[in-house]
Amino acid sequence: MDVTNYVILAAILFSIGAVGVLVRRNAIVMFMSIELMLNAANLAFVAFAQANGTFDGQVVAFFVMVVAAAEVVIGLAIIMAIFRTRKTASIDEANLLRA
Amino acid sequence: MGYTLAFEAISPIANTQVATGSFAYLWLLIALPLIGALVLLLGGSRTNSFGPLLAVLMPATSFGFAVYLWLQMLGLPKELRSQNLVLFEWINIGSFQVPFGFQLDPLSMSFVLLITGVGSLIHIYSLGYMDHDPGKRRFFGYLNLFVAAMLLLVLADNYLLLYVGWEGVGLASYLLIGYYQHKPSAAAAAKKAFVVNRVGDVGLSLAIMLMFVAFHTVTFAGISEKAEQGSATVLFLIGIFLLIGAAGKSAQVPLQSWLLDAMEGPTPVSALIHAATMVTAGVYLIVRSNSIYDLSVAAQNAVILVGAVTLLAGAAIGMAKDDIKKALAASTMSQIGYMVLAAGLGPIGYVYAIMHLLTHGFFKAGMFLGAGSVMHAMNDEVDMRKYGALRGIMMITFGTFFVGYLAILGVPPFAGFYSKDLIIEAAFDRSIIAGVATLLGAGITAFYMSRLILMTFFSNKRWEDDAHPHESGLTMTIPMVVLAIGSVSSGFLLTYNDALKSWLAPVTGYQTPEPPIAIPVLIAITLATVLLGVLVAVKLYLKEAARVAPTDVSIFTKAARKDLYGDAINEAVFMRGGQQVVNATTAVDNSVVEGSVNFIGRITLGLSSLVRATQTGYTRNYALAMLIGVALLLLLAAIVRL
Amino acid sequence: MTNLPYLTLLILFPLVGSLVTFALPMAFGAARIKAVAIGFSVASFFMFVLTALQFELGTSDKFQLTENYEWIAAFGVSWAVGVDGLGLVMLGLVAILVPVVLLAGWSDIADDVAGKFFGLVLLLQAVVTGVFAATDLFMFYVFFEVMLIPMYFLIGRFGDQNRRKAAVKFLIFSLVGGLVLLAGVISVWVNSIRITGFGSFDLEYLSSLDLSLETQRWLFMAFFFAFAIKAPLVPLHSWLPDAAGSSTPTVAVLLIGILDKVGTYGMLRFLLPMFPEASVELAPIALTLAVLSIFYGAIMAIGSRDIKRLMAYVSISHFGFIVLGIFAFTTQGISGSMFYMLSHGLSTAALFLAAGYLMQRTQSSKIDDHAGAFQTTPLLAGFILFGALSSVALPGLASFIAEFTVLLGTFARYPLLAGFATLGIVVAAVYALWLYQRTMTGKPSDAVAGIKEISGREVLALSPIIALTIALGFVPQPAFDVLNPTATKVMQQVNQIDPAALIGGDN
Amino acid sequence: MLITTEVFVQPEINWFAISPFTILLAAGVFSLLIETFAPRAARRPLQLALVFGALLASFAAAALLLGTETLTAGDAVAIDGPGVLLQAVIALVALVGAAGLAENKVDPSGDAFAARASAIPGSSDERAFTAAGWYSTEIWTLFLFAAGGMQLFVVANDLLTMFIALEVMSLPLYLMAGMARRRRLLSQEAALKYFVLGAYSSAFFLFGAALVYGATGGINFNDIAQAIPGRPQTATLLMAGVVLIFVGMLFKIGSAPFHQWTPDVYQGAPTTLTAFMAAGVKLAAFGAMLRLAYSAFGALIWDWRPLLWAIAAITMFVGVLAALMQTDIKRMLAYSSVAHAGFLLVGLISGTNAGLVSVLFYLAAYAFTTLGVFLLLSLVRDANGEANNIDTWRGLASKSPLTAFTMTFLLLALAGFPLTSGFIAKFSVFAAAVQANQMPIVLLAILASAIAVVFYLRVVVLMYFRAAESTEVAVAIPSNFTVVALVVSAVITLILGVYPQPLLDLISQTPVFIR
Amino acid sequence: MSITFAICATLSVTGALGMLLSKRAVHSALFVALTMINLAVLYLQLSAPFLGMVQIIVYTGAVMMLFLFVLMIVGVDSSDSLTETLKGQRVTAIAVAVALGLLLTTSIGSAVIATDTQLDTVLAGGNVQAIANLMFSKYVLALEVTAALLVTAAVGAMVLAHRERITPKLSQREQQKARFADYALTGKHPGPLPSSGVYARHNAVDTPALLPDGSVSTISVPAPLQARGSVRDINEEDAQQIVDLTQGNTVIEGGQDGRN
């Protein structure tokens, strides 16, 4: 089994996630894209763990999930707070700060 | 005085004696008028009462002391007459060593006597002339300052100190020409005099620098000692630079233009500075630098050329001027041309140059004072066409003036006869052309001086209605009389027993001229020429002169009236050209220098706007920028690894 | 007595004065605050006199009264001070000018901010003293930069309506120069580490380094750039007319008379000793800019319609002479340049302060607003004429000795260049006398109609300057006795000897 | 390779060595307990006591650790010279920052944070909470975690620990950024932007970490450094990973083109928090960046130097150019912090010990200056809160000479004037770069510094050279918290400028990372 | 390349693209969940059964559910307009992302990744034990510190989302007492206001209610509308009809409710 394929898959998912952040205006979807990127990283970690024959990658992936969970909570809390104020989840409307 | 004021003497320079005895106090010559100037100028209005008198006293005392020293000097053997007094070390930087020292030798002694003597007379004259002027304290202060500076000029033992005096008299001249500060023309004339003189000063500066570079000394003694070793080029260049300096101060072509304008100053100033003393400084400089000129025929020729051109140009201008002072000024220019020409002849001419300088000092000063007296009488009118028939009213003025007139014409036995005739002889010795120029000059001089005296004292009355001419007071007439006596006698005295020749010879050397034409014949020719000039003038102006200057005149007259277009050329080349340079530079400063600074500023601000434009406030834009950054970094990393 | 840290004290005196002046409450009274400040500046002057008395004349070319305390060991930085002839003369200039300027500017400043103005001037004095006393390149740089701050405030707070722009322009120009200098300073230091293995900013140590010509060239450019901005040489000058033109005359005197000297001082103190070969090789650049400045400044002065701007351009012209003398590499040129720095400080003060008196009376610096002031204030006219003549280098004044020796020294090596530069004295006569003509002569204008003649205080402020200018014109040798060893040292450092006489040899 | 289930070996943990951040994290948990159990009125004093106590203890621990070099907790942290020093500085910065955050006098309604962040801005709820004088004392929990995260960040010795430290540091800051008492709309926007972009950058960091793990077979810095020379076949992978990891770091330090959050977040966040954030995050992220560059990827210097060279150049110019015409002082200072990131990178790319020392010094110097500047900023107010528009600062010198003077001094320090810490910092950074033959970037840095002066001085010009136009804007009288914080900041800025030798000595004692 | 990988890879990319392209956020979330489940399968393939499970439980189970909750709050129906409003954003984004993907895949592809080791074949003590062993030894600090993250998350959620009451909740009785006290004091109507449009031809808020006597109830129209002056007039005919109706004059044909 060629680990390279997994990593390439990870790279593709990562890139899709990266582009998702750029083209979606809904903050929640944007955030999902970021989660996708984290998942891609996890996939790469796990794949490399397989290639390297060590478990460090798997441990990292586990921790990433934990961190991601925490991040999601905070992120969604922030998005909620903003939604309650502005009644919109579009990130483009948060552009008072500029120049 | 309980203690000695004589400064410690520093080692003697070759051919000179360390000043001892009364000569150790020769600095007093300068100090006295300087003190006068300081007291008057710094003392303020509290010196108003006694100031003018003090101012007269100071140069007079100097004159007395000068006479005393002269007598002392006469008592010394010829080779010991050059007295050197070094007060202190002035500048000492490496090989550039200049003493603050004075040299009193027969040449400078002659000048000291002239300056203090004529100077004192003119001070006395001024007491009367300036009597009603509210600012006369200042005037006398300036006059004293001038005398001090002029004495410094002739007493310095090196070129640099001479330069100090040189510019000092320039300053005094500036102050005095511009004395009537409220008159814009006076202020402009003063500035012009200073600036044109500065051009000459450039020459003098360069001469001094070149002397230092060539000889590592700038003292007269040092130069005369080393000059023989100098290369022809160096000597020629020094000669030329000195000539430029001399031309500036002595109003020689092409730096003559200031002198006529300088007549804006009070008349005593014209007499003292612009006739008798300061303008002859150029002649002094050339004679003083005899060790240079004697070794460079080319430089001498340049001097002769300048002298010849000026004497003719001055004479030509003199023919056309209706302003009595300007006519006299043109005459001065012309007469100094004689002196310069003579000085350019080398040892043959030095003595005659100085002789003419001294006699000219008497008769021209006298005539200026006479002119001042006339003006005084005519409500400060200077236009000769508004004079006429004054001889009966102003007897003394006319008398003294007429003596001066005869002197300048070179009518024997008046002073001018001796000095001018000798110059003509010497000029013929050198070259026919120079000789003819001097001869021609004599003729023209006779014409315009006759014209002047005829229009002023003879001819018909052309006064303005409110003119009430009267003879001037004693303070004015006495100096005129004294100068007239000098005008009569000085020529004879100076030549009697070759007095001046033997007096100056230790300094300047002497050669007897041997003109190609026999001297008596030459004298006859000269007198004939002069007579011709007089006759023409008599024909034209004895009976009657036009009240207004005719306009349908020849092109030569027009040119002469315009000072031979000297000012026009200055105007076109220097004034307007200079203005254009100023404008162009200002434009460059605005556009290029400021512009490039502003350009950099604008570029920076433009970039700033550009950068700020990327800060759109849209998070997605920011993320895009990050992603672009990531991609570029990855690309760059790949390139780096290649 | 002889072991006192004279130079450090010389820095501390005005510094303490400055702090005291700042700290005094307004309620203390403006006049008293001013008096205290002047007291400190006079005390500094006496401190300088004490210092000068310790200076041994002509004994050696080494720095004297040196002090050396470790400061930042990590970089090899010391608090190192010392003076040679040049340093002493510059310190003297500072010590003389500051009290004069404070006295002259007594009533220039509104009472409520007078304390700040006087405090800033004293602060500036302290810093500038540090600049001239430092023998450590780092320390020099620190003072060099800090110097800008009080000056910035002096221009920006107390000038005319254009002062803000002028202050910023001044600072930006200076800082660009300063930062380039910083690159140079760092580079010298790094090179010293590469060569000897340890880094130090000690001037003598840095001068003894054997830098490659290539390195020297780059470093020369950096240092020269910074100093050329400071001493403004064309085309890096455009800040000066603005800065001097917008500040009060007193500040302009400090700016031109003292601050700008740091540029030429730096050339002599650091540029030539540290990069001798490059200095010789690249001297033509400096000489070209110098001659350019002489004429450019003079011509721009003729074209100026503003008195202060005119004087600033005059100074640019004068700085051209100073630089010319430095890079001629003759004893006379260098000594002359150093003397020029002194005399220029005095003549600038004379002209600026006198003209300042006039401008303060007429509330205008436009030349056209003035005419015929002679009629109302003859004494002031005399002072202005004196200042004008001083900047024309009239023989008999210090500036003549300076200008002539500079030209003479240059002539010895570059006759054509010097000959050309000599023409500058004609142009100088034009601008100076034209200024006098336009402001003082003719019919009095409205602005000058009712103005008062100058007061005793104003005369008192000017008199030491005038006295010194004349005294040094006739007796310059004491100054040269102090300066000549420095000139000789610099000549040795750049490994140059004076050209021999064309004939005969020395006497 | 055969992997067997090894017998579990309990890792040795040198508790003292990890005490600085442990104290803070533990205090964070205690702080939560206070939130839970203490009555509302007692919370603020209790929290403050806890925070200052913990920070002092942390600082003391770090100070005692100075000179220690040890790996502990399964080599997850490297306690070494630079690490401990940065921890100490972070503790000190946090102390000053905490003092700033504790300020509750300048705003009549309380501190800089919303009485209740959950209340909708402008609602009656919010007014009620405000009127009741509530404080969001939870910020202290978050603050302690953030500070602890920062301290862990600078000693993390493997990619995982570093990632977690990064998040521990960042998440609380995201939250706090959105909790401003006034202008909460802006504050929430700042939080959202900070969070989204921060998470985005963490993703890059993580993916990079994965690639590095794949290329070297390890995530511990020692393993990575050891493996680099022996694995040419994965070099491309490694370099891609390094780039992505650096992206994560460059985001945090705010260097272009990853800087764009900086001005928005700095402006939107409560100013006192901005002060702490600007100083602390820069310290921590740069510490981590240094460790990565020097310890883990030191062997790759020839590869990463050109990249960071370019980034440094762009960052400096973007920072100064954007700040040039900025009319909001807070944003201007944010851009200035971007520029400073560029200057710091100049020191970093020298790759030498001198470079390390210089960057550490710069960080310490910059941290306190920037703290002071932002805290001062929070004092100048009008009726609506802070007056950050530059025009409102006109004539401030006449209203409050001391504020104007201090501000000027700190701005001069930021501009790098001699006799301020900024100059010594800049000097040492430039010197290090020159020593490492990086003259071109130094010249660029110098050019950028020259531009920078313009905008720093614009504030000075307004304060001193202009007459005041509005009477509304005034300098609030702060409580002793802020006064002390300001005095400490200014004094450190001065001392480091006049006599930097002790700190330089301290840094130079052990200027190496261990791994 | 195994078939499982092929299928899961395809599905996960599909999920990712689906997330990217769905108009509705909910659909995006579901697509992400699809990707995550497939990733879990891939983890199993890569000898990481524990992670596979955690992926499903934590990610698909918890995280994605959280997303869905929030989506519910925000409005499950809300759909993004897919037209791009930022100039050039989409084109550039896609181009750069493609470039990024290419750069990453080339660097990955050009690296020689060792594939000889097979983690599951050498696995002796089981995957979970192996992970545990590492987690509690080498990464124990990370584990501990993660606690801080979780606490932060909890505190953050509380601070931003939890709405505390500042005043005690009033009981029905207390509210009623207050209402009547108010009535007694100010005469304010204690009951609910008449609803607008009642007995009116137009059941709209701008149409005032008619009282049984046919007069207009002014308080039935919201104050802003009154202030704005956009209160509808009453048709006299209608009013009369009401009067008739309430007074039993008329019987309406066809049911109880009249016109609406």
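Going in written order, the chains are labelled A, B, C, D and E, and every chain counts its residues from 1.
In the analysis below, a contact is a pair of C-beta atoms (placed from the backbone, for glycine too) under 8 Å apart; a residue touches a chain by one contact, two chains touch by 3 or more.
Quick caveat, the model's predicted, so the values are computed rather than measured.
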Joint neighbours of chain E and chain B, given as chain labels: A, D
Contacts common to chain D and chain E (chain labels): A, B
Identifier of the chain whose CA centre is least distant from the whole-structure CA centre: C
Higher-contact pair (C-beta pairs counted), C-D versus A-E: A-E
Where chain A and chain B are represented by their mean Cα positions, the distance between them in whole Å: 95
Averaged-CA centre spacing for the pair chain E and chain C, given as whole angstrom: 74
Whole-Å gap separating chain A and chain C, where each centre is the average of the chain's CA atoms: 65
Approximate Å spacing (C-alpha centroids) for the pair chain B, chain D: 78
For chain D, residues contacting two or more additional chains: 1, 3, 117-118, 160, 164, 167, 171, 174-175, 178, 192-193, 196, 200, 204, 211, 214, 235-236, 239-240, 263-264, 326
Where chain C touches two or more other chains at once, by residue number: none
Per-residue overlap in chain E, given as positions that touch at least 2 other chains: 86, 89, 93, 97, 100, 103-104, 106-108, 113, 117, 119, 122, 130, 133, 138-139, 142, 146, 149, 152-153, 156, 159-161
Pairs of chains in contact (touch as defined earlier), listed by label: A-B, A-D, A-E, B-C, B-D, B-E, C-D, D-E
Residue ranges of chain C touching chain B (in the complex, touch as defined): 234-235, 237-238, 296, 299-300, 302-303, 330-332, 335-336, 372, 374-375, 378-379, 382, 389, 394-396, 400-401, 404-405, 407-409, 411-412, 415, 418-419, 422-423, 425-426, 428-430, 433-434, 437, 440-443, 474-477, 480-481, 484, 487-488, 498-499, 501-507
Residue ranges of chain D touching chain C (in the complex, touch as defined): 357, 412, 417-419, 423-424, 426-428, 430-431, 434-435, 439, 442-443, 446-447, 449-450, 453-454, 457-458, 461, 464-466, 499-501, 504-505, 508
Contact footprint of chain D on chain E as seen in their complex: 103-104, 106-108, 110-113, 117, 119, 122-126, 129-130, 133, 136-142, 145-149, 151-153, 155-156, 158-164, 166-167
Residues of chain D that touch chain E when the two form their complex: 1-6, 8-11, 13, 18, 25, 28-29, 32, 35, 73-77, 116-119, 125, 128-129, 132, 134, 136, 138, 141-142, 145, 148-149, 152, 160-161, 164-165, 167-168, 171-172, 174-175, 178-179, 211, 214-215, 220, 233-240
Sites on chain B touched by chain A in the complex: 612-613, 615-620, 623-624, 627
